[in-house]
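There's a structure below that I have some questions on.
Letters are used for the chains, namely A, B and C, taken in the order the chains are written, and counting of residues starts over at 1 for each.
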Amino acid sequence: MATPLVLHPDRLFPVDPGVRAIARRLYEAVAGLPIVSPHGHTDPAWFADDAPFADPTALLIAPDHYVFRMLYSQGVRLEDLGIGGGPVDSRAAWHIFARNYHLFRGTPSRLWLDWVFSEVFGLTVRLEAETADLYYDRIAERLAQPAYRPRALFDRFNIAALATTESPLDPLEHHAKIRASGWPGRVITTFRPDPVVDPDYEGFTANLARLSEMTGEDCLSYPGYLAALRQRRAAFIAAGATASDHGHPTAATAVLTAPEAEALFTEVTAATPPAPDRAELFRAHMLTVMADMSRDDRLVVQIHPGSFRNHNSALFARFGRDKGADIPTRTDFVGALRPLLDRHGNDPAQTIILFTLDETVYARELAPLAGHYPALRLGPAWWFHDSPDGMRRFRRQMTETAGFYNLVGFNDDTRAFLSIPARHDVARRIDCGFLAELVAEHQIDEGEAAELAVALTSTLVTSAYRL
Amino acid sequence: MATPLVLHPDRLFPVDPGVRAIARRLYEAVAGLPIVSPHGHTDPAWFADDAPFADPTALLIAPDHYVFRMLYSQGVRLEDLGIGGGPVDSRAAWHIFARNYHLFRGTPSRLWLDWVFSEVFGLTVRLEAETADLYYDRIAERLAQPAYRPRALFDRFNIAALATTESPLDPLEHHAKIRASGWPGRVITTFRPDPVVDPDYEGFTANLARLSEMTGEDCLSYPGYLAALRQRRAAFIAAGATASDHGHPTAATAVLTAPEAEALFTEVTAATPPAPDRAELFRAHMLTVMADMSRDDRLVVQIHPGSFRNHNSALFARFGRDKGADIPTRTDFVGALRPLLDRHGNDPAQTIILFTLDETVYARELAPLAGHYPALRLGPAWWFHDSPDGMRRFRRQMTETAGFYNLVGFNDDTRAFLSIPARHDVARRIDCGFLAELVAEHQIDEGEAAELAVALTSTLVTSAYRL
Amino acid sequence: MATPLVLHPDRLFPVDPGVRAIARRLYEAVAGLPIVSPHGHTDPAWFADDAPFADPTALLIAPDHYVFRMLYSQGVRLEDLGIGGGPVDSRAAWHIFARNYHLFRGTPSRLWLDWVFSEVFGLTVRLEAETADLYYDRIAERLAQPAYRPRALFDRFNIAALATTESPLDPLEHHAKIRASGWPGRVITTFRPDPVVDPDYEGFTANLARLSEMTGEDCLSYPGYLAALRQRRAAFIAAGATASDHGHPTAATAVLTAPEAEALFTEVTAATPPAPDRAELFRAHMLTVMADMSRDDRLVVQIHPGSFRNHNSALFARFGRDKGADIPTRTDFVGALRPLLDRHGNDPAQTIILFTLDETVYARELAPLAGHYPALRLGPAWWFHDSPDGMRRFRRQMTETAGFYNLVGFNDDTRAFLSIPARHDVARRIDCGFLAELVAEHQIDEGEAAELAVALTSTLVTSAYRL
């Protein structure tokens, strides 16, 4: 007999009845606010073409690295889930997922997926081996209906703005098609130049060649390279971008003289791969250059450092990037950001948003930095820490030093489009629970908490990201 | 007038009455399950000889570094507690302990000791200066009774399996005697090769000479050394071992070519002590070699890195190892384990269990690694973190990324035999409290929590350790 | 319409009604105990001269780096707050503060300031734009009254002892004047030699010249330098000092031979600035020298490491030290302190109190060190972590390994005299809440908790600081 699937209205609220009642009141006032999603990785082609999503496996398992990394950790082969491009039996893959669904107990994936199953597909029993076919059939049937196409879901999800993330090499044709279509959904791009500013990125020199082609600039000369970046930033801004994003291994920044920069550029673009410290210095320098350009074109700078990408060599060789084998590392901000902050930190007109995978820097480095430098703001709990307890640690370790007003609200940061409302809902519930505790401890009053709940949901997001 | 000593039935459960009721129900179903203790440091001679334990001081103070380190930190001399081999007045030592018992308020030692006093010895007043003699006499009297001999306590404690830890140089005669005795208690060994794989271990070269003698191999030749290790592993497996254990200063691993390995072996076994980085490389290499051997002989690999052993030079010179002066250090896993993981990480048939004394790696490194690599599992909160709040931090920082099924349940890891049930009881209470909170927050339902409570107590332990 | 300002009697207590009731009982017994403030930065001239405090801005904004760093982080110019010595419109500055007061929601500054507004100045509405003038006028009016002079407030605050902090170059004339005045308030000094032991301190060599003048010793010779330090320590002890304090960038300590020390001294006092590693070694050496001197003169040694001072170059150039731009850094204690501990750690007659801005060392390094070495004690949660959640993390991560009796109670560590009672009150409330949770979990009984509450408030402070 199948187990009922019920989303309890009080889920994730504090357990004390008095505090829970406060949290519920705060939540009721923000639960229905539109979703503002200023940073994420959905595919703009979905909204450009508005084609139906493919089958349940291709929609819900194959693109979700949270899901398949857990299955892989317990011995499931990625090939059997349809990852890596080979042929796959989608229904068989779904059965593997279903009979392993207990692995997600206690993880945020469980919260997000149950929401999708219940709220998007109307399922009323839990996913497990015996309900695998029921799920597969129901989801497949719904995906064929017009109400489950990307734009219809975008509207149903009440999304006010959704940012995707593209490389400078992306021609942005999907965003152009969206705008040309007359559909009013606000889908904007974000400028993510890693493939052309990180000498260790796969195909870095080929990428520069392609950038030259796209822009008509000679990207093997340093001035041409900078001009090409400026040109692409302008094209991104024309496609709605309000922010750039930088995913470096560390938070290192550097200020070089023009001759130093030019010499380093020549070195890292030469045929021989650069030494690790030279590649690192180039990335550090380019982060400062990007901030310099932001002073002119007003793109908000997002820094996402500290992921050891593609840690699993064999898996990377077989399946490529973004396959669940990126592992956080210890990250320094105090020394690393100083060159950038010396140059831009005191400028209240700049906005530099910091993220981290290293929670030890919350109270020790990030809150003190953002609680001082006018240019800094703090992004939300990121990736592995985008979870109920991860968010609670973020709030408890950031707020007392940085306050609320140096924060930028929530990012869903996801490829999993259907889970976006679930992720924002988790964030709103946890925030309301945290605020309710401050009220119950008489640190703030309930009116202030209500204001802060709206700020974290909406106003801090739109102001920080200039939306 | 003495203070009553009462073990409250709800101790360590969450304070909210609703959550506490859930925790109590979950706990009732696991409280009586047999103890599975797959990693610890009790003395197999106790179970081989089944002799009565000596006096209260020798049983409860002298071998418990948690106890004497705290007394030492407040100015008590170790000599006065019977440590260091000199003559001691056991009753006087017990009086010192009794009048300082308040020092343990808020520590797990207090929980473990009160359980032993109450449940094992039936004491009903608290230990303090005025009850010192009462305690000493009661315990001494009981220890003389047959029901307080090691095997009787093992049975009374409902221990299904108990692993001790021995060096390859140990002849395992106690384990042989236990098996020969016909007593059905399952006491097994664990292969801990530090004394013969760590060039910095006291007497390393003498240890190799002894290993040569024991095995008939020439342990000053690299092939002979490896053959000797294989031989001893086989002997340990014959004595019940299902796991090896490795206590290195760091988690460094390395893969060397055969000639590199041979040259390094020659270097670290030469008369002159090796340079620190060469000793470190040899340990790193041997960790990989041990995992290679596990592929053949199926020993589970346990890695316990990150303790700065014998930090207090004067104390070490006077009293030797394991005297409470081991201090945790910052430990990296992401870079350190990569050579090992490149070689074994993707093999679902391997089991490598990671421990840490550096809690900052829970959410940042260990949960992401174990939530991806099929060969990895996570050991429980270790040593200084084997405590109510330590366990709560472990659960809260590990679960959301690693889930429950990449964990291996609880280890008591103790020399203090009488406290084993108390330690497992603390773990069961904290786990049920944590699960109750997930239920109360509607993240999982109570049926799932009940399954997980059993898994953490029993099934994850026996499956991970192949018991 | 203004919002009421009410200090709720249950503020900061645990939210569960049962636990809150325990906390309230514990708190009632310590709420009225005298304040012992063994470490802080108030100005002794206040108590020497007993002059009225200046206007609200000069009293409550300009000296409080918690306040102006937050305002600065949101774009307020420091000049507009009266910082930097230029002319300022005090009332206009107060208006800036008032209309930005929402920035402090969720921060400890809000708790401290609301207490000052309510308890010291009797204000009954919250500070916001519309009440700015009401506040300004009320505070200004009160400051003119005799009851608001420093000594009157000291008495009203029920302060049993208050330690200030001075450089060896300070002539201590304010302390002399206090003692000569016949006023019985106990205001003592603390010996903080950073300006003459840190070669990187602004004006280091000029400071040595001044030290020579003050003492009649030749401070450019190493023996003269040591003699001068000994002389100044004696003068500080005569002015009531019971402790020294050391604010180094790291916790590094070193033991040098006499010739090494002399050569290093010559090097760091030469005209050319020393290399960073040589300056660091000198500081490390001098920390050990200070502890050596403490063995003779009994000053308690306080070590406050790990602040990256003056991180913001432009701000430092314009406004100088202590302007909110000090950022914590990752700090090692295990290796760093070993030379010092080898020399002094086993001496129960020494007292070395450790502080940290890096919370990751609480459970990993500091609690294990202090739970072993007789000379070590742990200072309270410091600076950015002197906050409700910061204190809770401290208690939860320290207690299980270090116990309570290796701690030294609370420090307010503040320049903001009026907030001292508020800070001690926050600490007492959080401590009572933490103890109440231990009681509610049946880890200790309520009688023990009551004893511990008094110990943390009074007896551990006076014994550790020899007051």
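The rule we apply is simple: a residue touches a chain if its C-beta (ideal position, glycine included) is under 8 Å from a C-beta of that chain, and two chains touch if they have at least 3 such contacts.
Because the structure is a prediction, the values reported are computed rather than measured.
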item	value
Same or different contact residues where subunit C meets its copy subunit A, judged by the half mark	different
Fitting subunit A to subunit B on CA atoms, where both chains share a sequence, rotation angle to nearest 5 degrees	120
Inter-centroid spacing, subunit C versus subunit A (mean Cα positions, whole Å)	40
Set of subunit A residues in contact with two or more other chains	16, 360
Touching residues (chain side subunit C, partner subunit B) in the complex	14, 16, 18-19, 332, 334-335, 338, 341-342, 345-346, 348, 360, 363-365, 367-374, 376, 396-397, 399-406, 437-438, 440-445, 447-448, 451-452
Subunit B to subunit C touching residues, read off their complex	3, 7-8, 10-13, 15-17, 69-70, 72-75, 102-108, 110-111, 308, 311-315, 324-330, 357-360, 384-385, 387-390
